[in-house]
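First the structure, in the form of structure tokens, and then the observations on it.
So that you can tell them apart, the chains are marked A, B, C, D, E and F in the order they are listed, and the count of residues begins at 1 in each.
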Amino acid sequence: MNERILEHDNQVVRRFFALDTQTYKDGALNLKTKELLGLVASLVLRCDDCISYHIAQCRDAGVNRDEFFEAFSVGLVVGGSIVIPHLRRAVDFLDQQEAMPA
Amino acid sequence: MNERILEHDNQVVRRFFALDTQTYKDGALNLKTKELLGLVASLVLRCDDCISYHIAQCRDAGVNRDEFFEAFSVGLVVGGSIVIPHLRRAVDFLDQQEAMPA
Amino acid sequence: MNERILEHDNQVVRRFFALDTQTYKDGALNLKTKELLGLVASLVLRCDDCISYHIAQCRDAGVNRDEFFEAFSVGLVVGGSIVIPHLRRAVDFLDQQEAMPA
Amino acid sequence: MNERILEHDNQVVRRFFALDTQTYKDGALNLKTKELLGLVASLVLRCDDCISYHIAQCRDAGVNRDEFFEAFSVGLVVGGSIVIPHLRRAVDFLDQQEAMPA
Amino acid sequence: MNERILEHDNQVVRRFFALDTQTYKDGALNLKTKELLGLVASLVLRCDDCISYHIAQCRDAGVNRDEFFEAFSVGLVVGGSIVIPHLRRAVDFLDQQEAMPA
Amino acid sequence: MNERILEHDNQVVRRFFALDTQTYKDGALNLKTKELLGLVASLVLRCDDCISYHIAQCRDAGVNRDEFFEAFSVGLVVGGSIVIPHLRRAVDFLDQQEAMPA
């Protein structure tokens, strides 16, 4: 679907997508930390697709289950119980990812 | 003001405050990472008091200016231009903190 | 899924879940009023799972259809037309609950 | 300022203001319960002016300090720690109201 | 489902629905502009049903694909990357609408 | 303050600011329509600084008082009564702008 979006000649949208990719590159903060930041931001803003995306990216960056739960705990305490249904889906997605052969 | 709140005998409120403190303790993720998570969550939810609080905590945990700006950049890209006024106040607060004698 | 979450040894998450349960107990405000508060908070924050959960709890606490609609009206006026799709699903869920044998 | 807004001949805005007033009238739910609903909705949406307004209305409807703190606890647990700065201002406002001669 | 909601005798809810319809009528701003305003408001508040509804209304009002993408770009920049999953569904819905015979 | 932010060598932040400026340029939709989109997005996300900024930009683009109130009415109906305090400040800011010599 991203291709379908980028196919249209709209420079602001295209640049935004490029910027979004650039945001999580290793820098003063490493990729792993930045992906965790993206994950917790997605949790408190309650976007399931964004949460799943950042969980997958975090796993690639080496985040382990204990670290995930600590990131989840920050999202839960900052964002409140309204985050709980998203947390359920996040843990479900994480379980599925961990069950897949490496 | 926290004292005034905790003075009242409401166990849920008191426990929430205790839990909030516990959330940022060193664990699988260290204090510095957790405070950065709290900072970016506060940015995208656009709470100036929370942002200032986590900037101060992050500085105590050794976050430097480059790292702050990378955390800000994640908050800005995830949360959008609506975050900009809060980013201005965040950088203003950071400047003041850095100008203070250690 | 809650069990799967609580299975993991993360004290902040576990305590948050316990606190969430404690919040709605009878106290200075009764259970029914508190569940209505939870329902309207869920409506304006637009979380379908939370809305369904609190509708079920409210029904157990004796909230009738007129009272539900008055609570919905507060959520709708405070939260605006962006609440309407969630209100549709709320009324649909309520209809299903009322259609079930007691 | 409301007068200044309503002075302008815009029927949608005027009707919205009339509807907002109508929302909290006694009905299947009484005024006190509805004002508490408005208060908690304002807390989780984090609007200080709305919180102060509903605290004043709740006080007129006979809500006591214990009941206020239970309503606050629902708002805090549902909305998370991001609500805390608003809770501080809410308790400060409540203290001022209670300090005023009846 | 709207009928099911309006069937219940709650005047606030009914008036809100009437007001919502009235909001987008031609006036000082024309229908097309107002529907675009509704679309971008729905994007930044991230409500898929509202987005689809306003895309259909905008199409009826003559909004073309370039104009849609410029409205999307405002929603994306103001609301941030958290809007992206909703933008994907918006473009998918728009594609489907455009594929339908007139 | 923007200068202070852009002074720091963070490419993501700088590019975001450039993109934000580019977003509102005349295109398939004209500047006036885009600024109205930015205004209503700011209203429903309830950011006073953003609202004032877009009111000033809209005025430069020729938006008149009737058009402002229709844009406000969309923001109010979509975003709900929680928008009212921001609407008050918006009308106050607009009054000040209109009172200034051209």
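Details
Operating definition for what follows: a contact is a pair of C-beta atoms (placed from the backbone, for glycine too) under 8 Å apart; a residue touches a chain by one contact, two chains touch by 3 or more.
Keep in mind the model is a prediction, meaning the values are calculated, not measured.
Of all chains in the assembly, those touching subunit A and also subunit E are B, C, D, F.
Taking the mean of C-alpha positions as each chain's centre, the chain lying farthest from the centre of subunit C is F. When you average the Cα atoms of each chain and compare centres, the chain farthest from subunit E turns out to be B. Simply put, subunit C must spin 180° to overlay its Cα atoms on subunit D, rounded in steps of 5. For the pair subunit A and subunit C, the distance between C-alpha centroids works out to 27 Å. Centre-to-centre spacing of subunit E and subunit F amounts to 20 Å, using the average Cα coordinate of each chain. One finds 35 Å separating the Cα centroids of subunit C and subunit F. Across the assembly, subunit D contributes 12, 16, 19-20, 23, 41-42, 44-45, 50, 66, 69-70, 73, 76-79, 81-82 as residues in contact with two or more other chains.
Interface residues of subunit E, counted against subunit B in their complex, comprise 44, 76-83. For subunit A in complex with subunit F, the touching residues are 11-12, 15-16, 19, 22-23. Looking at the complex, you find that subunit B touches subunit A at residues 19-20, 23-24, 27-29, 33-34, 36-38, 40-45, 50, 64, 66-67, 69-71, 73-75, 77-79. Interface residues of subunit B, counted against subunit F in their complex, comprise 46, 65-66, 69-70, 72-73, 76-77, 81-82, 84-85, 87-88, 91-92, 95.
For subunit F in complex with subunit B, the residues that touch the partner chain are 1-2, 4-5, 8, 10, 12-13, 16-17, 20, 23, 41-42, 45, 47, 49-50.
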